[in-house]
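Here come two complexes built around chain A, the first alongside chain B, the second alongside chain C.
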Partner chain A sequence: MRAYLSDRMGAALLMAPLLLFLVLAYAWPFLGVVKWSFTLPTPGLGQYNALLTDQLVQSVFIRTLRIAAIVTIVSVVAAYAITVVWVRGTPVQRVVAEFCILVPFWISVLTRAFGWVALLSNRGLINTWLQAVGFISEPLALVRNEFGVIVGMTHFLIPFAVFPLASSMRSLDDRVLLAARGLGSSRMRTFWSVFVPMTRSGIIGSALIVFVFSLGFFVTPAILGGGRSVMIAELIYLRIFQSPDWGLGAAISVVLVLFVGALMALLFRYIRPKQLV
Partner chain B sequence: MQQPGRAAEIKAIGIGKSFGSFRALDDLTLDIGRGEFLTLLGPSGSGKTTFLMILAGFIQPTDGRLYSDGVDITERPAEQRAAGMVFQGYALFPHMSVEANIAFPLKVRKKPAAEIKRRVGEMIERVGLKGHEKKLPSQLSGGQQQRVALARALVFEPGVLLLDEPFSALDKGLRGQMQAEMKRLHQETGTTFVFVTHDQSEALALSSRVAIFNHGKLLQVGAPDEVYDRPDNRFVAEFLGEINMLPLKGVRPANNGSTGLCEDRAISMRCKAEKVRGDAILAIRPEYMSIAREAATGENGIAATAVASTYLGAATRLDLTTRQGAKVTISVPNEVAASALSKGNSVWLTWPAEKGFLLPNGGQ
Partner chain C sequence: MPTYRPGPVSLILAALVALFLLLPLLAVIPVSLTPSRMLAMPSGDLSLRHYQALIEDPRWINSILLSIRIGIVSSAFSTVLALCFSLGVWMFQPRFTAALVGFVLLPMVVPPVVSAITLYFLLTSISGFSSFFGYDTWLGVAMAHAVMTVPFATVLILVSLSQLDRRIDLAARGLGATVWERATRIIMPNIKFGIVTAALLSFVLSWEEIGVTLFITSVNAITLPRLMWMGLRDNIDPAIAALSVILIVITVLVLVARSVVVRLRAAR
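So, the complex of A and B:
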């Protein structure tokens, strides 16, 4: 008990500066945003009312949820495959997988978004190449739409999905897999009915992380969506910086933060923070 | 191993396994009879688990062949051998209920739902898990988890059941209970059991035969009383229980056995002096030795002095030293120990001729 307490105390002490920083840099300004949402342009619940009726805001919310859901599914599936190789592959496979997971962290999100533009645009690498080979006559619309946004976001988020999966796969007892095989189960069957269910907490953690990140994405959708596939963060930006509609922008922010908060609460109910790293 | 419901007969010929330059198993040849209860016994690192894994198909041997009912199965993958296996630590599926764990091998064999339900129900009854069907493994006690592991490994009626130290995590009382239960399961199913342990009393109590391993080598195989009473070498003799060893000179064959000199007294043995000549070691289990005031001529006996005693409750452990300094330990009734010590003078240790056996002098 004493060890436990002092452990907690030590952790609290170590985290104190971070907490202070978070309060000063986020919580305090956010309270200001909350205030705006109730006072601008006139005091009252007017902005929240507008949220419920404004068609544009609603369509952006729905698009954001849709994109986040698709990105989550694709990222988690792809990350799962990479993580299996990283955690359970041969030594060479492990090194290659680790490289693929870590390299994206060294390249800025902006660089990567423009990289995708260069690949996907009408006169980009993919379209030029496909036309040269003769597969298509007209360029495919790969960017400046939802598809481009999903590609860019998935690419960015896969590495983040890897870590919770890796920790759940590492903690899995190999003998359980051997037992399944010894009981007559094929490799495939063992994978689907033993391996995957046993990494459930990793899958949930990884999906929630990707989903929450996706909801607040700004740079990637702004560049790869080309203004035609606006997501919620970009909408907030537009409301605050381009139209003098601070109250509505603030109200959207508040709703987004509450939603993300609820998701995080869910995340920590299902898995302990230690399992995420 | 291929016909469900029938006990398998396994033949291992010259099995060897190297991990890099390390030799974990060497030239192991062993026949495992149909329906037998064979125990693999040996100290830690002697290769027992490695051999069991080779039998299960989880490890490929580097040398040798493995036959099941006369068919070469050396290269057959584990899921096709379908040996029932109980792992150390049980290796239950943590996300499945007791019922689902036991049903798993039947499900992968695509048995009809009604049959699965019936057989799982029977198995649950048989291992005494009724009322726990819906629980997850984490909600069970160690002994209950053990039963689930046994039920899961037996439900598909494998030709052979492999058990790797299944009781090592249980406390002593539960261990005894599970041992009895396993013996009953063996009789009921008639399946071939191969059981790993490093507890010699467990091995002697349970098995029809015991195979003793050391440093990756199979040293001796035989019925429990055979390996206990007539070990082939010093390692087996010492590993299976306490033993007293006396140096013996001039060993030679004699009518119905052999004879030699121990501290200038003629000693006779029933065993043949085949492997040893001249100098050897005479080994006698402590429980076969007794204390006497004197030894008659022709009787096996040696003079010794009692030096210490340890009270054990039911009996007393007595440490003695012979005239030439050999140490002997025996277990005697409490009052005998008291009188032997109080006199502080020499007593005679005697034993029947059929209870002493010869071991080669020196190492193994």
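So, the complex of A and C:
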């Protein structure tokens, strides 16, 4: 019995270092940030009040929600198209689709944003080509605006949208689809009234993941937005480093965490964590 | 047995998405070969001067070395912590496992910018006591990266533990093995692959980490992504295109090698 107890103690002790590390290096400083939001520059609820009244902050919040919503819809639809082939294609199609999903997934966010700069900027590939062909005389403004941000974020988030979709498509029974076809339903009709409804949980899961990710996005909007279409995360950065207003930056962070927490709670009502991978 | 395959419409749409996904990665190749000092398409002549700049400019070499050092230290730290924690969870099976694991996964689900401001608070507080460990030091960055990567390492190790047969551990226990012996001689050899994957993933995540690094460094601890960021925001330096091409080629090679290995293992 004593050996049994000391075994249990030993195993429990193994968990301690990581928990201690994260309490000290993550939970405690997060509480510090919460404290900033109530005490800087003066104690009180002033920063939260400012969130409700400051026009700039509000326009950034609205822009962030708008961009996140557009990016979510486009990414999930695009991810759906490629996931169908990745999960249900012929072996060769699968390998090609997997390559196209995984290569961008593993490449750093900076490289990918830079790739879009190289394509979309005034002297980038697309404008150079369009001008050479003679379609346009002045370069199109494709970057340093909301369009560039949406393109870059969609590109970053498609692979993340693929994984929940793939798991719901894999668990779908082929025989149901074949039955629909056998009963005379067209390809289109089978897709829209059998395939799509049966992958609903995957669609909801991937939409929520993409939406949550895009709310806190920093690098892509900062590079492709060129300071002109600032999103929440960049606003926090600017408040901390450019117009030192730590209290407001901290208050925005707290609100962002609460909002994302509520969305995550929603996510876990629809899918179990294991289905995400 | 017949299977349900995607039709021509699906294939065309998927091909468009695939093109969209690969386009920006292909676009950096011509830019990296431009002879011009600025970001531009090469018009006629090609040049390797931007690749040469990567080797000759000490700024690039220094930040590559710094990123490797930070990656190794933070990956070792986070893998060891994640391994101990996961072994404890697996052997001890506490009643509140879900809550503990959920806590450990927090840095993975909280928006990165919030983690960034949190770690900024931590490191500026530490800077008050110590000059070699805190804001804008390489050790501080390594610790911050460990916080950000430890959830991923934990998930990978927990997943490989979940595939392990509990009976081999019960047998060892029945034969009188201590916790230490069970962990090092029974469990760890069986999850080697998961541990190595966790360490590699932690390294890769640290190597390309920028969101948090941006908040906790200024002039001393310039990691490679941080240097790329500086080059991207001010005057776009085509050396970044050359570096991007190299990083993309490495990624493709690793993924191809991995899929070959997976296929060989499956064939056996």
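In this text, the second predicted complex is superposed on the first by the 251 of 277 C-alpha atoms of A that agree within 3 Å, B and C clash if a C-alpha of one lies under 4 Å from a C-alpha of the other, contacts with A are read in each partner's own complex, and residues count from 1 in each chain.
By our rule, a residue touches a chain if its C-beta (ideal position, glycine included) is under 8 Å from a C-beta of that chain, and two chains touch if they have at least 3 such contacts.
Just so it is clear, the model here is predicted, and its values are computed rather than measured.
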| item | value |
| --- | --- |
| Contacts of A:Ala81 with chain B and chain C, given as first, second, both or neither | second |
| First (chain B), second (chain C), both or neither touched by A:Met198 | first |
| Touched partner set for A:Leu178, first chain B, second chain C, both or neither | both |
| Partner with the higher number of touched chain A residues, chain C or chain B | C |
| Contacts of A:Arg189 with chain B and chain C, given as first, second, both or neither | first |
| Chain B versus chain C as contact partner of A:Arg269, first or second or both or neither | neither |
| Touched partner set for A:Leu14, first chain B, second chain C, both or neither | second |
| Chain B/chain C common contact set on chain A | 178, 181 |
| Residues of chain C that touch chain A when the two form their complex | 2-7, 9-11, 13-14, 16-18, 20-25, 27-28, 30-31, 38-41, 81-82, 84-85, 87-89, 91-92, 94, 100, 103-104, 106-107, 109-122, 125, 143-144, 146-147, 150, 154-155, 159, 173, 178-180, 183, 204, 208, 210-211, 214-215, 225, 228-229, 232-233, 236, 240-241, 244, 247-248, 251-252, 254-255, 259 |
| Chain B-facing residues of chain A, complex | 173, 175-176, 178-186, 189, 193-194, 197-198, 200 |
| Chain A-facing residues of chain B, complex | 56-58, 77-85, 87-89, 91-95, 104-105, 108-109, 152-153, 156 |
| Of chain A, residues touching chain C in the complex | 7-8, 10-19, 21-22, 25-30, 32-33, 36, 78-79, 81-82, 84-85, 88-90, 93, 95-104, 106-119, 121, 123-125, 128, 155, 158-159, 174, 177-178, 181, 187-188, 191, 212, 215-216, 218-219, 222-223, 232-233, 236-237, 240-241, 249-250, 253, 256-257, 260, 264, 277 |
